[in-house]
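The two complexes that follow have chain A in common; it is paired with chain B in the first and with chain C in the second.
Here is the complex of A and B:
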């Protein structure tokens, strides 16, 4: 599968070009900073540096941009862990366990685990890309509405009632999220719930809404606290403990590999990407873990699952971009634009004619993953100092930065308004014990499920039995039912055992 | 292959900066406009055709107008947000749009209740004209447009058709069905909210046939079988693909179609009326940039159009599309 001649010339190309290496560290740092700022997405960070690449050679330009991509992919998890605000929409699941870990004084470990899971995720996904770029792209292109709807439903079932005190409250919150997700124009061109406001034509701005919900629900809960980490002794920043977090990743290889696999395949599907992949991976890990009840309270496996999936999505979406010339999301669309600026047209012909360049890009990403370990550790070391900041300074600063991020994201006051409306809603929901995370999951997955189910219905022409023509979708749903039945049986057995232990005699 | 074009590009940028300075100095004495940077507003996200066109043109417009030119994206609401924002700006000529004006502006008025009118906008030049292409995946059994017609005539539910709602492609499909006596309401139409997703669905074989703008198909040309182009003249990119006028003649009906995206530089009618002198300067700079031989080579290499039609022809084409859209408005609304 690997063309050795092209591989050799790719190595020579990288070895002979100092330029190509010069841009890795700046790229990663830019990505880390922008990824860590709430409201600046991966694709925005890349769009900001795109003009600079016009004046570079082709290979350094692409390496610079993919470095920003890799850096931003991890950068989003830093505020997710430290202040419960995902820096990008792909770090939502990282907040579920990362933030509880930080509050328990394990911020070093959480960030270390996130960093190592990200780096290894990127590494593995590019290895898969190196060997399987063509077949991977073919598989991904075949994933149609039926399969996507099945994947979305699976995610919803896994995460629908996440973090709730009761199932009914969880389902209410998830339903609310799904309804929010349907605001705006649907894929068939019908307007719903826009209340005549032009800003809602494309739906509720997801990132400001998400930041508002998650930040407010937590920040208001911190009113009586003086620091994010209560115990003074735990507020330290320790390289040893960051590395210990990294070691936890290696101790959970199954979680890591599952996350990576989900990231590579789901993240590669055009239009789906890492924001869905990290939720699915988290949900699957929680379902299969023996200690499922500790998820959401600071289980490091949750962080590993989320981060390995969102960073390995990068390799997946690169596959469709390189092999088919199809951008899977904003980030790869910008890479394609950078290709075009250098008069290179991505796609099958590019793969055939410039295999060496493709290999050079992939190889350089191996190096980026390795360099990210070092650069990321230093960055995390610096960023962690915010746990030492008294909350009376931190909370207002976070609100200001989030507001600016929301403004930058939407380019208008619609962003900050969304942020505040959802902040109030988030506070109300958490005040009355509704799980805010479920609203966010509904918001992210609801739109996907609705769009794909609508297309499935259109494809079938309203004929329910057409679903039988799509064995893969049926397979996914079948697996889902089977796995749910198994976990139900396990839960029942556990409950019976508990009851037996509790009752005397 | 990595180095092609780049060193040249760098030199060109330096050159551009140099001439820019040289031009700016005398201009500052002659008149005030432009005495600060200009912005090109793109009402779409980064990476699409308009964005690429704007970013590729920016250095050349800069060279000929003597002020820095930056690109700003304001996507959303099928360009309603960008259009509204643009019309809210002062009429001082410091902002100009690169837009798929036809059909996006008329369609947004007809289907999204936008508050502006089609003639609030003024076309400077629309070099890129896209056409609706009917295509299927190479793996599909359908070999020709006649097979599509026969199949849909026999049973309108026999093929699924992917397209964007409220698009020129939908109008073309409706006219096509009408001409062939196919019951469109029975056809399994699958809707996609963007040209990219619709093309992926065609290339991935999710739908049997798709109708999308042909230009976007070029990067994945090898994966699709073009069946019919909705145009009256052969396209250089798809020389072997049948065109609608020939198809209609063979089938014995009057060929009717609307053009796909008409993209290029757009400003507001208000600015043209209020500031004729500034408009003249802006127009001249864009015309010179478009005709700049360096610009033609650079943009040609990126598959971007640089034809100069001028405001008169561009406005005529745009308004004709707007009128056609209005005529078929009920097709757009009834789904």
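Here is the complex of A and C:
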């Protein structure tokens, strides 16, 4: 499956181009910084540096942009672990266990695990891309609205009971999130729940709502605490412990490989991307783990699952972009724009005629993943100092930066208002034991599920039984029912055990 | 602690909260049905809303029949007041962004946030808010393409 002549030519191309390598470290650093800033998305970071690539040669320009992409992919996990803010939407699931680990003084291990899972995830995803770029793209073309809707519902159900005190609270929160996702005009042209506010016609702004629900609500709850990590002795920053976190990744190869596989496949599907891959991987890992009840309280497997999936989805989305010329999301759309700026058009013809360039891009990403281990470790070491900052400084500062990030996302006061409304909602939900993360997942998946269900409905002419013609979609739905049944059984067993323990004698 | 020692107490605050959310969901589904009863409008929205309303009944029943452990630690009124103070200050900050300008709103909010958090050192209260405001305003002016109103900077 590898064209050896083109491969050799790619190696020669990279070996002879010092320019290309010079941009890797600056690209990774820019990506890390922008990815770590709440509200600045991967695509925004790439858009900001895009004009600078106009004066570069094609290969260095693409390597620079993919370095930013790789750096930002991991950068988002740093605030997710340290302050419960997913720097990007693809780091949502990282907060579920990363932040509880940080609160327990295991921030070094959590960040180390996130870094190594990201680097290995990128590495494996590009290895898969190197071998399977064409077949993967062809599989992606077969995914229709039935399968997409089923993937969305699957993710929803897997995560419905995250961290909550009961299944009913988890489902209530997830349902609420889905309803938030349906606000505004749907693809059939119906406008609901916009309350006459013009900016709600496009739906609730997702990133500000997500930051409000996850981060701002947590910060309110921390007003009476002194530091993120309560025990003074645990606030240290240790290279040894960061590397120990990396070693935890190697001790959980199944979690890592499952996350990577989900990331590559889901990332390759245009329109889904890394923001859902990390949720699916987390949900699957939690469902299949013997210690499922510890997820949400600081289980390192949750961090590994989320990070391996979100970083490997980069390889998946690159497959679709390179082989088909279809951008899977904002970041690959900017890469295609960079292609266009250099008079190159991505897609089947580019794959056929410039296979050596495609291989050079893939090979340079191997190097990026390796360099990210070093650059990322240094960056994490510096970023970890946040746990030593008193919360009385951190809380107002983070709230202000989040507000400005929300403004940056929307370009209007709509972002900050959304942030505030969802921050208060998130605080109240977590105060009464509802899993806030389930609302976030519902919000992220609600619109996708509705859009795909509508497409499926329109294709079937309203005949629900047409779903029987789609075995993949049925398989995913079957898995979903099984998962829900297992969650219910676990919840009931836990209640029975609690009752037995509480009853006298 | 046995069940006999735990006393039954209605969780009024939680009951009020879930009921308010359920009322919002009911209003949403009624409004959506008013827009159109076409399945293309209600395909996901209506079943989800019914599910949430059904779950409200389960949760409300749980709030009414809840047993509380009198020995369990409770949040003090002062702690709760500080949290509510921060929530209110943040709300006023958001409201003030366009009214008094982003720079003044940030400066005042950071100062109030520091005081709520317990900072009493005059030097910190005088120096940190303006330095932080300056950094945020100039940093975001470099980063984002949209203009935002300011009064001083």
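Here, the second predicted complex is superposed on the first by the 478 of 505 C-alpha atoms of A that agree within 3 Å, B and C clash if a C-alpha of one lies under 4 Å from a C-alpha of the other, contacts with A are read in each partner's own complex, and residues count from 1 in each chain.
The criterion applied here is as follows: a residue touches a chain if its C-beta (ideal position, glycine included) is under 8 Å from a C-beta of that chain, and two chains touch if they have at least 3 such contacts.
The structure displayed is predicted, hence computed values, not measured ones.
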| item | value |
| --- | --- |
| Partner chain(s) touched by A:411 [first = chain B, second = chain C, both, neither] | both |
| Contacts of A:56 with chain B and chain C, given as first, second, both or neither | first |
| Which superposed partner A:324 touches (first chain B, second chain C, both, neither) | first |
| First (chain B), second (chain C), both or neither touched by A:385 | neither |
| Chain B versus chain C as contact partner of A:238, first or second or both or neither | neither |
| First (chain B), second (chain C), both or neither touched by A:401 | second |
| Touched partner set for A:188, first chain B, second chain C, both or neither | both |
| Touched partner set for A:347, first chain B, second chain C, both or neither | first |
| Set of chain A residues, in rising order, touched by both chain B and chain C | 188, 190-191, 411-412, 454, 458 |
| Sites on chain C touched by chain A in the complex | 1-4, 13-14, 17-18, 21, 25, 28, 31-32, 35-36, 38-41, 43-45, 48-49, 51-52, 55-56, 58-59, 62, 79, 82-83, 85-87, 90-91, 93-94, 97-98, 102, 106, 109-110, 112-114, 116-119, 128, 132, 136, 140, 143-146, 148 |
| List of chain A residues in touch with chain C within their complex | 40, 48, 168-169, 171-172, 175-176, 178-179, 182-183, 186, 188, 190-193, 216, 220-221, 223-224, 390-393, 395-397, 399-401, 403-404, 407-408, 411-413, 416-417, 419-420, 423-424, 427-428, 432, 446, 449-450, 453-454, 457-458, 462, 502-504 |
| Residues on chain B engaged by chain A in the complex (per definition of touch) | 1-6, 9-10, 13, 45-48, 51-52, 55-56, 73-74, 76-78, 80-81, 84-85, 111-112, 114, 157, 160, 165-166, 188-193, 196-197, 199-201, 203-207, 218-220, 222-223, 301-303, 335 |
| Of chain A, residues touching chain B in the complex | 13, 43, 47, 50-51, 54-59, 141-145, 185, 187-191, 198-199, 201-202, 270-271, 324-327, 330, 333-334, 336-337, 340-349, 353-354, 357, 411-412, 451, 454-455, 458-461 |
